[in-house]
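Look at the two complexes coming up: chain A is in both, with chain B in one and chain C in the other.
== the complex of A and B ==
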């Protein structure tokens, strides 16, 4: 009976995901009759260390700070930029000047006026200097001008077409200059009690328990926010989170805090909503990365054979329980502007895999084994999906005569093995690809990004001068059509050489009470301001 | 002496129960693969089949469709192996420290006992976690780590036995006859000090098996070996939907720990002269 339930679920999921592009959860979460009042209880998995996304990109920080602080733009459900603190923006035809018109009449939570000087300060002192991604995103900005208090003009040394794909409340939050200027930004006390322009005002933080936010009565968007306040609760234990949502102690659980295996308990659409698009902005892909520096993985045919040996459909079904999509290349399908499925694809075909391995000269020995490899993964660091993916790959490769030894050290040791000692064969993990390939994908394949000791750089050691040239060109190509073509070619080269076997695009899952509604869903919903969110009255 | 001991053991109810349970587990570990052959990691069925739902997987399958029975059999082997070998390690280290300290006394004893105290003051499980994390998690490192953290009680016990025995007349006699230190320790004192060590070893095995399960549960087990702790750790997310994934290996751990505890208690009853009258 249990298995039938499982199959039914799989079928329902299959249908739902088949139309994932049209966002099945929209109809459920999006409402048009907002209700004023009420406190929303939100659960995030882990307590953040501070509340300033400008200096630390840990997701838990962004998940809270985005209610208090805002970026210049936000994203809609299709990752298209929509106004936030900037009302409109313009990129000059040569791509070397970007100007923003800022919203007028916006006040910081402490009553001071928000002006272009705040944006200029944050860009120069925080995003460019302290933000992990911002350093490259704003790397080309050479001059920042503020002709009047509500206009800002950036001059670039080379075009940065990716800029507009990034600057939301999580990627580039605007900080109040009057509280930060002249201080040590990293240790500024306001990182713990943030002052922003957002719909909610920071009220209190009880360490180990919760953060309380209150409605900002002077919010620039008239009538919003609808809620009276938000309480963000930290619940470290998975089972406790499940119970908290079931009992109504929390209304929303964000950021994959509930494991896919528990979602069966939230199938009832009249009581719960499962939203699968909140993390499209992060555009995560789970992968198996090959260390291409030494034999046998330095041979392209061996890597292609592995791609044929792993049944990613079964992986998606068994490990991810269908919550995701098969990845077809290094750029995830949610990055609709640049994604192409028109690349070399590796269908599940163990025979072809064996043939490729034979061709590469790795014939099976008397015991049916060809060679032995080590597979390291971040499962012990709290990613049960990585553990299961690694176990799945081990079984798949065993079927083509490759013996895999699993290694599951702690997170720091894993990073050291892969990025410092470069002493590993296969890495199973996942990486955010971000809305723009230049920001999120280039780092994985670029020769200049083979940087010993720096995590999440080019850890495979793959180097292809031709691809390097294309990626560098795409990074400063002002013409959108040409840039698309370059990024398409980039995807084709990578899929041919497979330094990484892209496995699955997992979805970021937000589970909420069916009472939780919003006016619109966002592809960066993990970092939504919740200004347009409300709770329907209990029936 | 030994046939007599066995006879007495069999007459002791708790020892007998322990031995029967142990025999069952041994059977599963050594012969289990005849009934449940194959790789415990192979995904052979529909995921999360309940026990009894499909005769092909009599004890059901886990979240990835791996056969529970095959996994449990594999786990029995791992648990017994780690329990026995790590206890052997702890017994050897403990006896060496205790014997040398108790026999020579003085500064040797002081030094060895300070080392023992060093290990005793650190919580056992935390030290095991640290050791396994420093080295690569594997059956060998887990066995070594568990052995290394569990010897101090044995050392203390052996030392106290040695302190008592070295003053006894038969030892004095042997010494007068010109017997060397090594022979004295190994052939005269140690055999007489062993009974309580055997009791503590049996209990140590039970603790070692629990420690291994706890390490695997935390993801610090050998990722290439299916142990009971691994199954429980993998299954805890689904404990509401499929409690049997955690439940079955949990029951297995209870059985084997119970077996060794009962056996240890029975041994204590038969070997301890103070309890003879009970």
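== the complex of A and C ==
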């Protein structure tokens, strides 16, 4: 018993040391002997509001819609683009023209042919106008040409090197033009009963209960999908999800729907698989964001002191139970092309923290206290780890004489406090950095993105014209080497100024029955089409 | 006597239904005003969940949802629509509010009736046993049992029931209202729904059970000492007859009062049980619409349930009169 506990502890520590990405159970999901038939029961944490990722990038929509709708490309396990609706693509040397050859013989679920006109329509009317990230991703596209029914050529005003890093079924799903053209896209009824080209056809949606998808018999990939259908079940209660997986009522639980504290119950590899790479595409980092508009957080030394005061190794071990990695900067390590650890790092050092606070003029008073701050977090808004992270930070800062008052309002109230009223000191939350820093990271630090009333913009109020220039240059730099150098400098500046204290790169955890198999893993596995998924027969 | 009671009931209903109109209208007005106090709106939440937005897009959404109009104008529109029985449109769910409510209503009613029925029947039985064997072992056992069930939080009890009956024993399903993949018809479908209803209904019933048991017990004990019971004993009625026909019938009146009050709260009280058992009911819909600031939907649910509660209360008043002929309508 004792030795077993020790082994478990060792396993957790092993994860903490950064071997999470190569966890052995990943290999378990991949199989090579597909079995046809069967219904897969999938659990996602929250019922989506619609099924069109083209107008709303909420993850829960993408987790379902990606089975029905497809993008031009998908991503493999290393975030490299692989063909989907586009069979090949080409970027001109000056970066100003991008062309795609589209797959032939693809049919929409209602029997109509899929053509370049669908892509052109979706790009111009949906991705560019309505998609939350598409407006920046496709912002440079000035002309869309379709020389024939299966080729599309984009002309750009400036290079958009990030384009191919984003446009999968979640980032840019292609919609059927014949059902959307001339309608109010946001209120189109097909957002609720989508028609796509994907391996599964939408069948029914019983609100509050489930969504049912059926095999697409005419799917373009011969022999796929293997499954007869998918039932997506919404189980709002965390503990009920644990039981549902244990009792076999669901086969797969995606998107961190199970708390890390429950994962011990799914360690038995003969029965369950824990997959840790499905969300690498999102490149999420949990952070503590400082409102730099007013004292004392307008002083860089105070923010640096806080970075020294928080022991992120302990945070990863105690709160995340090792499921993640220490974040070293604004670009997560999974974005291998642009990530650099060569930035200013803040080792856990309370003495140095106290010294920096003294230097900034915030000496401890007679009672040992320096000042008091409010910390708002999204723990009550569906991120239980934020609650514990906030508590951890409160304790850490108390040790250097800073009093922290915790606030945990609901989601809408939190957004108002932080982004509209700007009435907060520290925000603990997490944000997707996406596979390209221009799309996912620039928005956090860019002066032009300080936008009152708009969620997930530059909420810290941080403004650095020198950094702005670098980020704007990197956004249109066609030369890959120069772009890498620009993004490296960007990371160094941010780590020096710490408008955000980057805490942990959490992993997105998919827990499934060991019977659930796929031909290949994907870094955007949360938004996998499941065309290549199957259920092994019960033993 | 029975013959001339019917017009009395009709007269009563006519009078009360006219009273419902201003009450419901007042509720609608209050609901609207109170909800304005919550920070943030549905567009904040939509943009927040999407992970990114622009001010132009948010303004465009607010304009298309009518949220850019001044508050008095919004209120006027809302009251006008309410008067025309139009519950409006949920922009978040992209569906008419009435359709959303009606889709969820059967599940809520099933859970509510099953739980209430179970609580009332077992409450009466346990109450009668307690009163009949007052201060003896049976009374004490009942007392301990109902207090324990009352004290346990329903969601915890529900979870433990899931762990025991679904995960360990595998007897009953843990979530949902039907076995979704199964495509059952006729009797098998009803049996499937019944199996799914057992755990949530019993969990929800425990909360109400204690109150009903105690009410019946107290009322019965009071009547056991009353003159008309002594008279019944004197004329030689058996103890069983006295308990069931003389004391219990009277003891049902306070029970009806409590039931009438709680029928309203059971809509909101079911949120936790619905969440634990993934039950597709109205409570969860209401809860989610609060978090999403989907106020069209929330106002619709509130209005709908206030109408239901008012009507149920009228019904309870009629039942009073049936149970106790002394009560004039």
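FYI, the second predicted complex is superposed on the first by the 517 of 539 C-alpha atoms of A that agree within 3 Å, B and C clash if a C-alpha of one lies under 4 Å from a C-alpha of the other, contacts with A are read in each partner's own complex, and residues count from 1 in each chain.
As a convention for this text, a contact is a pair of C-beta atoms (placed from the backbone, for glycine too) under 8 Å apart; a residue touches a chain by one contact, two chains touch by 3 or more.
Computed from a predicted model, the values in this text were never measured in an experiment.
When chain A is checked against chain B and against chain C, the one touching more of its residues turns out to be C. Within the superposed three-chain model, A:226 lies out of touch with both chain B and chain C [touch as defined at top]. By the document's definition of touching, both partners, chain B and chain C, reach A:239. When the two complexes are overlaid on their common chain A, residue A:249 makes contact with chain C while staying clear of chain B. In the overlay built on the shared chain, the residue A:527 is in contact with neither chain B nor chain C.
By the document's definition of touching, of the two partners only chain C reaches A:456; chain B does not.
When the two structures are aligned on the shared chain, A:410 is found in touch with chain B and with chain C.
When the shared chain is aligned, chain B comes close enough to touch A:259, but chain C does not.
By the touch criterion stated above, A:186 is placed in contact with chain C alone, chain B being left untouched. In the superposed pair of complexes, A:39 makes contact with chain C only, with no contact to chain B.
Shared interface residues of chain A, touching chain B in one complex and chain C in the other, are 239, 409-410, 413.
Listed in rising order, the residues of chain B touching chain A in the complex are 39, 41-43, 46-50, 53-54, 63-65, 133, 136-137, 219-220, 223-224, 234, 236-242.
The residues of chain A lying in touch with chain C in their complex are 39, 41, 47, 49-50, 56-58, 130, 132-133, 135-136, 186-187, 189, 191-192, 206-210, 212, 229, 231, 233-237, 239-240, 243-244, 246-247, 249, 381, 409-413, 415-417, 420, 431-432, 443, 451, 453-456. Residues of chain C that touch chain A in their complex: 38-41, 44-55, 57-58, 61, 64, 92-95, 100, 103-104, 107, 155, 159, 162-163, 166-167, 170, 173-177, 180-181, 275-278, 280-281, 284-285, 288, 290-293. Residues 1-3, 6-7, 238-239, 242, 259, 261-262, 264-265, 314, 318-319, 379-380, 384, 387-388, 390-392, 394-395, 398, 405-410, 413 of chain A are the ones that touch chain B when the two sit in their complex.
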